[in-house]
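Right, one structure below, let's go through it.
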């Protein structure tokens, strides 16, 4: 709604608004011709991004991420499970992406949004194929007990680039994750060991060493829209609804390509265009990594 | 008789009014299915009657319709009752099943309330149409009968449902069914549940010797010995419906369609409030609310007495 | 299992050809246009009829005759083991359809074009033969509502267990898995409008069983007629005719 | 990753070593202190912010201690097609919880009871005549819950409605009290709510001094009800001031 605040007189503002609603594509193309986007950004610039760690006090790890007005809240809760027979030394990470009705006018209660299972699947595929987490680190007692990490991502405000924001918040929450110290009690159940618990030294924590996950290569992503000859990075919901060709590229911190989605769309993605997108993503990854590192070091100082 | 142009009756004497009541009644039987819409004249008539303390069916504002109780109507459950207030007809049943108490409250049994609105009562309840009202009634009854979280003010003593602490308890399932509805469903259901509970016999249970400390103690359920429930603590619900500036008890559905808000208050024998719920969105001044509470308290005493005597005579009739 | 003892008595003490106690009451739901309670032993159903009235969903309107709709539901406490019953499950949809088709056959729908008749049946207690009880209750309720009918439909079931034809099965006999014939007839016209049987049964025995069910239906028809007559007399009396 | 084993395995969250059995239910005697150290008649610090969700017509975020709620308002927009004509507007409410809102994971994601209560609390305050034939959707998401969720949702929703420019007679503020034998405790947290003898929740329009919703559970004597109601009404008045100032702030911000 960038233009609404512009200091134009009322009548022309009405016209702009009407034009925008009636001819969204022409409205956008007029902007693109001037190399600017309706919200005032250059074509290849991503929106302002912020990360806030530890947003949910009751969770073991959490993060609140905003990209423009797209907001994601992620929380990880650790629970104990019996590992499966095939992989007795591995824990499990369950990723769920939710779009509650508050996030968008399209979602209504009782009818889950189409996008949410799609993004859930993409996220778990991406995180598993990036080999970011070693599931062995989630093991507690071989064959007996392992961590089940429930990672729930809630979209609080949907304004485009949902996957990017969701991935960033998932990654941020994982980097913030503090695994509680636990011990095995007499019944073979896993119980918490509180830090200031002086008298209960009899129970030795089983996971003294593994209180934080080692994140090996962190994946970051950037979604671009290809329209005619233009490439638009980090689209808003409005832009996504007008133009159909989306390309999402996931790179890890070492610059390796982890995944690339291009779900349909009318514009053929030429190799050159895709390479341009990869280049944009590479820049974006650096930016996001520095954001995340800054947040994490700030947390440590506290 | 004089009518003003919009069909409102000019303030006349009661006799004239009674006469009009009869006419209207006749007209109504001619009409298709009753309630869907009231004409402006009818609405004014109902409101005017309430304002004059003479309602359409000849009652005063704080008079109940005749109430009748029948117990033991459903043979396959542990206790049941049918309560009729005017044309409102509800059935409540209590079924007791052995279960495991929850971990949080190992010394208490569980009571669950489920209400259902039969489509016989109103075509609008067809399919899932009655679910919303049923959920509202269940919630309100839960509020009014089951007391606070710690169990204080509960009509049913949950600790009396325990067989073996932490292991076995009785779970009471209270089902209500609205068969015919003509307003004041909540009071009727509350009364039916109270009657059904006093009709309830819970089989005596013997825990097999030596298994008391096992995880699943063996129990023996007697078929011929029943424990009666103490229902003296079960509150009654009095709903005051505000129409215009006045409030009435036991509103018919015609009167309910004219309400601005309704407050349901449950009272026990001691005259203590056991729960309040409000329906209708229109706001109420706190002082009016307090006034309503004190009126309801007064009414509740009469209702309790009436209900107790009805239950007693119903029980006597069933036994004979 | 032995369903008929050597002395010729059934589990609940009845003779094979004996019907359970039946009882009917008109006008249980005062808001409805017509209503009735019908009991067959421990089976108890309540039926309410709303209409003829304006068609609620205009797309369903039929210009040549009336729209008949039916909903069957069971109370939570109606069966021995308590469970939450959702409306519109398969069984109740099937029974709704059976009742609707049976009643539609006897209502003179062509006299009431562009209108709608709703029949709601609610089972309070189920002890076998709910289908028949529902049809009988619906007949009474329709008659109470003053809806023109060709004849009173009545229904009764009969089965065949331990090589004996049994009239009016209760729940235990019904769930024995033997053949169960539910029959609906128009007694005056002597026509069968409903016949349901879903089990193996030799054709000559079917005839016997059917004949038994027809007898049952006729007995119910007589009772229903008595009840209606009694009701009409009372109405007459109240009006002071 | 979760796809490794077909069905999700049964999980539990590890409890503290100091077994729960030892923890006796708190004694609510004279020298009892509330778990978070507040005085009996002291509310948790309330924080409101409007405009939390850009995609919505209006929205608000509320934080009372660790109870955090977002409410979005959509509309007035077209009613669902199955609805009949109505000359006044419709209000549609829905309350849901995040899976991590409650201590035990994933309890009640959709809360029908709260949705109905929210509807009843708001409908009296909204001037439904101003948007005939259309629907206003009020959706609430409880991000974290630590007691008194419903009052927070209600207050937050009225703020979101105001943010969306829906005509109301007044803001709606809601406060609950818990009763422990003789003591009344305002704005209870979960731990208190789970042990309370009774509860009283009032939803009111403070400027009009009208109660739109009242729910009482547990056993109360009439004077006690009076006391509880007065306590709640006073707190509602104060709460409404905070809400009003939040709205004013937002309005003056947007003017700049």
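Each chain gets a letter, A, B, C and D, in the order it is written, and its residues are counted from 1.
FYI, a contact is a pair of C-beta atoms (placed from the backbone, for glycine too) under 8 Å apart; a residue touches a chain by one contact, two chains touch by 3 or more.
Because the structure is predicted, anything quoted here is derived from the model rather than measured.
Number of steps on the shortest path from subunit A to subunit C, with steps defined by chain touch: 3.
The chain with its Cα centre farthest from the Cα centre of subunit B is A.
The chain closest to the protein's centre is D, with centres computed as averages of CA atoms.
Compared on C-beta pairs in contact, B-C and A-D come out with A-D as the pair having more.
Averaged Cα coordinates give subunit B a centre that lies 31 Å from the centre of subunit C. Between subunit C and subunit D the centroid-to-centroid distance comes to 50 Å (mean Cα coordinates, whole Å).
Annotation: 29 Å between the Cα-based centres of subunit A and subunit D. Because contacts link the chains only in sequence, without closing, their graph is best described as a line. Listed by chain label, the pairs that touch are A-D, B-C, B-D.
On subunit C, the positions that touch subunit B within their shared complex are 28-33, 35, 42, 46-48, 50-51, 53-54, 56, 71, 73, 75-77, 79-80, 82, 84, 87-88, 118, 120-122, 124-125. By the touch rule above, subunit D contacts subunit A in their complex via residues 1-5, 8-18, 52-56, 59, 66, 70-72, 74, 77, 94, 96, 98-100, 103, 105, 110, 137, 139-141, 143-144, 146.
Residues of subunit B touching subunit D in their complex: 104, 132, 135-136, 139, 143, 146-150, 152-153, 261, 263, 268, 271-286, 289-290, 293-294, 297. The part of subunit A that touches subunit D in the complex is made up of residues 1, 56-59, 62, 69, 71, 73, 75, 77-82, 84, 86-87, 90, 92-96, 98, 100-105, 108-110, 124, 127-128, 135, 148, 150, 152, 154, 156-159, 180, 182-183, 185, 189-194, 197, 200, 203, 237. Touching subunit B in their complex are the following residues of subunit D: 112-113, 116, 120-125, 169, 179, 193-199, 204-205, 208-222, 225-226, 229, 233.
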